[in-house]
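What follows is chain A paired twice: with chain B in the first complex and chain C in the second.
Our next item is the complex of A and B:
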């Protein structure tokens, strides 16, 4: 792995700043930033499928919830088994990836495109939410894990190694774990974007038939992009479940499904770094506004989406990033 | 010369409308075959049937004596075909070089620098395709169709919107590529362009094959003059 420092000064600087933040903030704020960063992965996934591939999935939260619940069910059932805090994560991601593959297959190979992808994926997440809300009864138990209906599932073990110092993904370990994971995933996504398959995916946004007429299997490439996006939403779901120790059906609801779309659109869907930073900022903003009432946050996010779409179609954070790079020579 | 493409009684219907009716055509290796005809003659539909964009209702398509009807568009291209659609099909958000990287889909390909020079795109490698002039977009589009050294290239209206000089240069480039082994099937309107490079011409009218022959035969045929060239 080779990183061109000259060309990547801004991302390196941003991650260095995030890296030294724990020296100045107490655990309450660190946990909060960890929470904000949890959501960056679902946003990055949306930036892949929407920003790169031009396919707007409105139901990424279906994969978020599926991964969260899968992690919960597996880890609760196998609690005490060596390594469960590690392999349950991979198993939950595997389930999410397979589900993404099935949904993506029926979408792209079934000839469903454009706005209809958004409608279908939104329908999937709402069906998931509705189903999980009515699982309050004791009959809705998988092994020993109760789904627990509207109140959600809880009691899952923490990700990581139980008997190792700093081995559990919580507190400062959680902060650095998520930060490192974000850096690795960002790096991988930029590699993907610059690869041949990434180029095909980017081009398919403009003209699918022309890409096919150059000898490329567009449907397969779109499916790969969709699965990557599903997996990233799954990473968010698992990290969120681990962060709070619970997962609820509302995490797959309409508002939850809409928010990543707002974060990504407002940040700049074509640039992964902008999406990462913008998502953290906007989740923080939502939280600040929600102190005075959850509705304020939703209204504010809606306003931000309208303003961005009207005046900054490339995204607010991306615009700010470009201004910053133009103004500060050192960053160029 | 061996047959590179053969269609037998190819038919395409859109609802009750028959766009292409029982068209049989044979193209030999090394040809620059033009398909001409009035608007609505079925030229572009025929072209899209052969490359796999549309599925034929009836008939057979043989490429190098192999039946390719069941193959999808991208699978047919992999067999050694290149395509340029009627509207410029360049990717405006990608650079010229990135566009050409997309076209690099086979083991063999032309030297990229030479191709860029031929199409006057050498100094525009890092330019976004969307920022190119119309003429250069058409040339980039033709370059996309030819970079990977296909055996057969379909060009739909390659000189639409080009100036006289640009059209002439396009013809010269196509002739150069033809000499390097590419067979061309070109859908076009511009008779000067046809005269410049065509080795044989097929005339479609109302979805049917109306006439086929050399350029001089087509130009001297009364029927063709009547339906297409407007002289009669």
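Our next item is the complex of A and C:
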């Protein structure tokens, strides 16, 4: 692993800033930033499948919920078993990945494209939500874990090792855990974007048939991209469940399905760093607006979206980043 | 008993048809993923109820007013925003989502969390042990008539030919002397107006809340997608198929499972009938 420091001043600077932020903030704000960062992975996943591959998926939320619920069911059932806080995470991600593989195979090998991918994935998300909402009764219990319908599931243990120095993923450990994970994933995504598969995936956005006629297996590459996106959504789902200690069906509704799309589009879907920063900024902004502006918050959010797509089709944060790099010589 | 099932089926059918009818133009023909479709219906519903209450207009006049308001609303949106998003279908998702947030929240601020509705017009009639609403039966017939009209408008008149040609090949139409912008505006306004009709028709039957449009949006999209490439031909069989599944599963299990079955069948239809019901019908010809 070699990082070219000269070429990557901006991302390194951003992560350094995030790294020293805990020195100046109390634990309430720290937990808040952890919460904002939880959402960046699902958005990064969407930036892979939509920004790179040009396939708009509303299914990210379904994978988010699936991972969250799987993590909850597994960890609650094996509570107290050594290391459950670690392997339940991997197991939940494995389940999410398998489901992503099945859905992706169904989509791309079934010849479903363009708008239809959006509709199918939205339908999958809504099936999940509708099903989970009606699981209030005691008959919907997996092992000892009650799904608990509309009110959601709770009581899962915290991720991490109980008796080691590293400790549980909460508080400041949670902050640095998520930040490190984000850095690793961003680095991996940049590698993926410049890999052979990544380039084929990028090209498939422009012209599927032409890339296929050059002898590349477009369907397989799209499937790989889709699974990566679903796994990233799963990471978000598990971190979210861990952060709040609960997961509800409404985290898979129509509104939740549209939110990542909105964040990614407004930030700039073609650039991972912009999506990461933009997602944190937009989740923070909607929270601030909700606290201070109350009823006008949603209108302000709507206006941001409309204005962004109308005047800055490449995304607000990406535009800001380009201006920053152009203006400040040192960053170039 | 038999009539009861037919009535339930017809009720579900007219709901699907009416929720989809405006979207069939905007999404089915113009390929704009209009997530604000539900809010167009909201505008129509509020236009009807508010004008009916404030000016105490008779219901049909209030409904006409609601539709008119929606058409004007649609025209303004088209001019300001939608026009710049033609050919960028994925961006239209974000912009129309933003519009839907703004509209529904504005209604919440202006009219409060719920607005006193109108009474359902017409009476009830009794058949066997059950009593049925005449208005619901009217809705079933009306939705089918409206669709027939729409089919004639887009398939048999010169405006329809113009609209379809413009959407298919805008450059070519422009070269033939067609004012492309006006055709787009008119088509979009028709779509918005139809959504307004849906809102106006359902306004007397529902509690008027700012999120009233949300009840329609998912049904609208799945029906239009199931209908396929020629929405006006495919809409009736698609809605009939979907409402059969929904009513029968709901009849044997419960409503939520009915919705799950509905959505699952849509997924399977897209997979195995990618051109929808209209594709199936055109193949048979």
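Keep in mind that, in the parts below, the second predicted complex is superposed on the first by the 320 of 332 C-alpha atoms of A that agree within 3 Å, B and C clash if a C-alpha of one lies under 4 Å from a C-alpha of the other, contacts with A are read in each partner's own complex, and residues count from 1 in each chain.
Everything below uses one rule, namely that a residue touches a chain if its C-beta (ideal position, glycine included) is under 8 Å from a C-beta of that chain, and two chains touch if they have at least 3 such contacts.
Bear in mind the structure is a predicted one, so any value in this text is a computation, not a measurement.
J.: Where does A:214 make contact in the superposed view: on chain B (first), on chain C (second), on both, or on neither?
T.: first
J.: Under the stated touch criterion, which partner chain does A:150 make contact with: chain B (first), chain C (second), both, or neither?
T.: In the superposition, A:150 contacts neither chain B nor chain C.
J.: Under the stated touch criterion, which partner chain does A:90 make contact with: chain B (first), chain C (second), both, or neither?
T.: Neither: A:90 stays clear of chain B and chain C.
J.: Chain A residues in contact: does chain B have more, or chain C?
T.: Partner with more touched residues of chain A: C.
J.: Can A:206 be said to touch chain B (first), chain C (second), both, or neither?
T.: The answer is first: A:206 touches chain B but not chain C.
J.: Is A:196 in contact with chain B, with chain C, with both, or with neither (first, second, both, neither)?
T.: first
J.: Which residues of chain A are in contact with chain B in one complex and with chain C in the other?
T.: No residue of chain A touches both chain B and chain C.
J.: In the complex, go through chain B and note every residue touching chain A.
T.: Touch residues, chain B against chain A: 51, 53, 72-74, 77-78, 83, 85, 89, 91-94, 98-99, 101-103, 105-106, 144, 148.
J.: Which residues of chain C touch chain A in their complex?
T.: It is residues 31, 33, 35, 81, 84-85, 88-95, 97-102, 105-106, 108-109, 214, 217-218, 221-222, 225, 254, 256-257, 259-260, 263-264, 266-267, 270-271, 274 of chain C that touch chain A.
J.: Would you mind writing out the residues of chain A in touch with chain C in their complex?
T.: 50, 54, 56, 106, 110-112, 114-116, 118-120, 122-124, 126-127, 130-131, 133-134, 254, 258, 261-262, 265-266, 295-296, 298-299, 301-306, 308-310, 313
J.: In their shared complex, at which residues does chain A touch chain B?
T.: Of all residues in chain A, those touching chain B are 196, 199-200, 202-203, 205-207, 209-218.
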